[in-house]
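Presented sequentially are two complexes of subunit A, the first with subunit B as partner and the second with subunit C.
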Partner chain A sequence: MDRPRTDWTGIAFATALTLLIVFPLLVVATWAFTNVWRYPSVIPQEFGLRYWHAVLGRADVWTSITTSLTLATVVTLISAAICLPAAYAFARLEFPGRNILFFSFLAGHAFPKFGLLVAIAGIFLNLGLIGTFWGVVLIQLVGTLLFMIWIPVAAFQSVDRRMEESARDVGASPLRVFWSITLPQAGPTIAAALLLSFVGTFYETEGAWLIGAPQVRTLPVLMISFINNQPVIQFGAVLSVLLWVPSFIALLFARRVIGSGSFARGFGG
Partner chain B sequence: MPASDIVGRARGRVPTGLLLVAPPVALVCWMIIWPIFSAIARTLWLPDPEGGRQLSVATYTFFFTDSYSLNNLAITLWTTGVCAAFLLPICLSIALYLRFADGKLAAYVQGLAIFPMFVPSIILSYALIRVLGPNGTVDLLLNSVGLPKINTPYLTPWGPVIGLVWDNIPITVLILLSGLGAVSDQSIEAARDVGANRRSVFWHIILPRITNSILVAISFTVLGIFSAFTLPYVLGPAAPEMMGPFMQRTFRDLNDPTTAITQAVITFCFCIAFGIFYVRSVAKNRKA
Partner chain C sequence: MAVLDIRDVSKTFGSVHAVQRFNLTVADGELVCLLGPSGSGKSTLLRMIGGFETASGGQITIDGEHVTRIPPEKRPTGMVFQSHALWTHMNVFRNLAFGLKLRRLPRDEIRRRVEAVLDQVGLAGYGQRMTHQLSGGQQQRVALARSLVLEPKILLLDEPFASLDQHLRERLREEVRDLQQRLGITTLFVTHGQDEALALADRIVVMRDGRTEQIDPPDMVYRAPATPFVAGFIGSMNLIDGAVQNGAFHHAGFTLAVPVADGPAILAVRPEALDIVQASAAGAAHVHRVTDFGAHAIVDIELGDGVRLKSQVPDARLWKAGMAIDLQPRAFAVYRDDVAIHRADRA
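Entry: the complex of A and B
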């Protein structure tokens, strides 16, 4: 039996990526738990939670957290309310123009995003939506449409139709079939789409900054002003760690989904 | 009830399906299609002194004669080109490694390559400032071994380049990896059997099969980077600035929506070919 060769390429990639991807984030995490770190010491003089108290004691941080969570919840709920029935229709019903309407959700992806946002902002200006909560809701809602329709459509299509039919045969009502057969099978995928919509909206920065700032300040928008105007390094570091929490939750859920090829195919790969 | 019943009963009226898909479709029409046409219209039909509107290319003439605007466009093209030139070889080599390796180390490399997807760009910007900025961690480490500080890329055109490359690695790797999945082991073994070395296997067997994926990856990157906002705004220089921050400043700070929308239409024109190609590939994949 020959011994496996040492995977030098793999070691090189692993080292380089650890250094370039993990290291900068570890630096920020270290800053967040540092009370004193003066140049030119390589390690902080004093670790501690002082700046966590300071950051969590700021009114603007709490306002931003509330704004971000409210926005993400409202956008996800509205998106679910209008997209899930539409996804069901695309998956199960026949109607004129079905294909072209299905692909119409791609329209926004043919354009550079920020340019499109500026064009939308031009419309919002006339409607008085600039600087308002609902203006931001609308702009973020548009960003969720594509995957809130495409992912659930795939989920509804993969439900076993024979099970639904046999339930109907033994006398179950259409609503009962939907509730007891269709939904449990499509449920996990739909839940993933909802999570994606929530997290995506939570981190959406460009629309919130262009349409909402300074009146509507989400957490990422607050972070931008911390980077630009806040001389105390730890404030930004603590906020970064707070800001990363939803992404971390999404990471735990998404690990399996992303490894599979179907995810990359969704991006046209 | 089965779909056929619904459709059958609804004959003569609007089919239920159309009613169900109407709200999101209406939203797309109102918030994507209409703004694009409106943007083109309001930058070409400008208000005239008599209170009406007339056909004019004045805002576009201004953009293409104003040296500040042209510099911003140039830095945007430069950044997009440089990012693509870095991303493609880096991601292609990672993807090639992942395609032919297995085991724990490969899983670790894949995990790391995809990980930036779960780091919001705003956190990334902050991390890069802390590491590469003035008196950042790199400076600390160099200083501790007695070396001079680096010329920090923060607030230079290289700042956004580093951030955007970092940010775009996961999706580029995923797209290329999915393309490499279509290259069969047999075709590579067959080429090896007739004596092809690694280089000619890559050029003659692998490359022709993943050309489409490479083009998709380039299109996606160009669309994302050309109008990137957050990373250039936070990491880049104040002047010249990339189109994203430039449009934002013109719209909000200078309060000049017509000029900002002109800039937006110009970015559309520069990206239209990539946009159409990208959308076509996604649509083709979805159908299959």
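Entry: the complex of A and C
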């Protein structure tokens, strides 16, 4: 058998990507564990956890961590409760105005986001939602609609209709069919959408800042204010390392879902 | 006891008349095959009985009970689809147990019934397999078992073996027939393969464009096809378009005495009922090709105007391409306006 030819383009590509992504991350990580690093030294003069103590010792950091986690969880759950049935309706049912409604979900994302946010902020101001947790929840919900509808619609559409009919045939109500057949069949893809929703909400800053600040501060919003107000780089570095945690957890989870093979099966493989 | 009664049932999709005023009564324990070309409305009819399509008109009753407007989950029917439609996220056991669980049966009764039915379809011990670990034939057996385990009054099968190879199809066909007779379950079986229908059915319904062409036992459908369409669809058949004049059927130099009134007619003769003899003079036709199958041979015949017929002969060696021959049909039928107006069988 021939040895596969060395794919130089692929290697160059991978290297470039690694440098572009990993190098900045490495620099930030190094900063986070640095006590003293003065120009022009290439490596820090003193490593240490001094700034970790400083950051984790602050009450506002812990508040924002709790806020961010609660926010991401609540938004994902509400979004799932609203979007999954809607996505199922779009995928399976015929009703008047179906296409217009589906398009309107997507249309919100065709315009510059900040303009939309400002408009929404105006409405929220009248409703007294500015600076409240639920105001931020609402604005984040709007942000999740796109992929929480689009991705599950595709997932539901790829579920074999005969499978659903077989379930009706053995005595399952339409609701039961959705719960026991359609949802598990579309499961891995929907899990990916939930993950996107959680991580997306966790990292979103514009809406969170515009609606929430200064009373409700998520971790990324806090990080931005740290970087703006603190001349010390390490504060920002420590916070951004903290911010990677959900990403890593999400990646691990995604790997499990994809690696289990149920991902491929979910696509009818 | 389960009798299925279909009265004047129609189904239209927009401007398409998929099924038109269909009537059929299936007796208790009977197996009826719906046979027809693709698009003749077989699946639509079956899906209306199972509850997956709503009839545009007419009534369906099972044991005298109206089911026309009842959703599928409340009907005493069990359906097996062509694509097995097993739930790939469940193992075989859970596929079979799902319907029983919905009926809130006790755990050990569910286990007992699932194992019994797995045994019946020859898959004892396969409960823990995932569906993708089964062969096509095994998957279709599981699909059948999934319906049977609920003991439906009416079993509906929509071309269940169409995606399997010939050999497997024949074996499963026999298994289904055995099982159906053992359980005495009233069954409707959709197929577009005449062999399948002839091998399985107590009665065959030949369908065309959403209508019934003939409802009869297999031997009747084969021996006395009601219309030229059925004649051409079941088995191999020579159909000759011609005209009757003064008591004789004519087509391009070929004539045959038939006691019917003058007018256009279609003559239908099976290859095994079409004898040929060497012509003394010019002859009505000539041999085009001889194909030897060992036990018998098929002679392709060409009439004066190029129309081809087939004749089944016992000995290939008697016939050579180009030979002038005369035709002597032993058994035949004459059709006019889609009905048989004369049948002859000189055995």
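Rule of thumb we're sticking to: the second predicted complex is superposed on the first by the 214 of 269 C-alpha atoms of A that agree within 3 Å, B and C clash if a C-alpha of one lies under 4 Å from a C-alpha of the other, contacts with A are read in each partner's own complex, and residues count from 1 in each chain.
Everything that follows uses one rule, which is that a residue touches a chain if its C-beta (ideal position, glycine included) is under 8 Å from a C-beta of that chain, and two chains touch if they have at least 3 such contacts.
What you see is a predicted model, and the numbers here were worked out from it, not measured in a lab.
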Contacts of A:114 with subunit B and subunit C, given as first, second, both or neither: first
Which superposed partner A:191 touches (first subunit B, second subunit C, both, neither): neither
First, second, both or neither for A:56, with subunit B first and subunit C second: neither
Partner chain in contact with A:232 - subunit B first, subunit C second, else both or neither: neither
Partner chain(s) touched by A:245 [first = subunit B, second = subunit C, both, neither]: neither
Dominant toucher of subunit A (residue count), subunit B or subunit C: B
Shared contact residues on subunit A - subunit B and subunit C: 168, 265
Interface residues, subunit A side, partner subunit B - complex: 7, 9-11, 13-14, 17-18, 20-25, 27-28, 31, 39-42, 82-83, 85-86, 88-90, 92-98, 101, 103-116, 118-123, 125, 138-139, 141-142, 145, 149-150, 168, 174, 203, 205-206, 209-210, 213, 220, 223-224, 227-228, 233, 236-237, 240, 243-244, 247-248, 250-251, 254, 258-259, 261, 263-269
Subunit C residues within the subunit A interface of the complex: 50-52, 71-74, 77-79, 81, 83, 85-89, 98-99, 102-103, 132, 143, 146-147, 150
Interfacial residue positions of subunit B with respect to subunit A in the complex: 1-3, 6-7, 15-18, 20-21, 23-25, 27-28, 31-36, 38-39, 42, 94, 97, 101, 103, 105-106, 108-110, 112-131, 135, 137, 139-141, 143-144, 166, 171, 174-179, 181, 213, 216-217, 220, 223-224, 226-230, 233-234, 243-244, 247-248, 251-252, 257, 260-261, 263-265, 267-268, 271-272, 275-276, 278-279, 281-283, 285-286
Complex interface listing, subunit A residues touching subunit C: 160, 162-163, 165-173, 176, 180-181, 184-185, 187, 262, 265
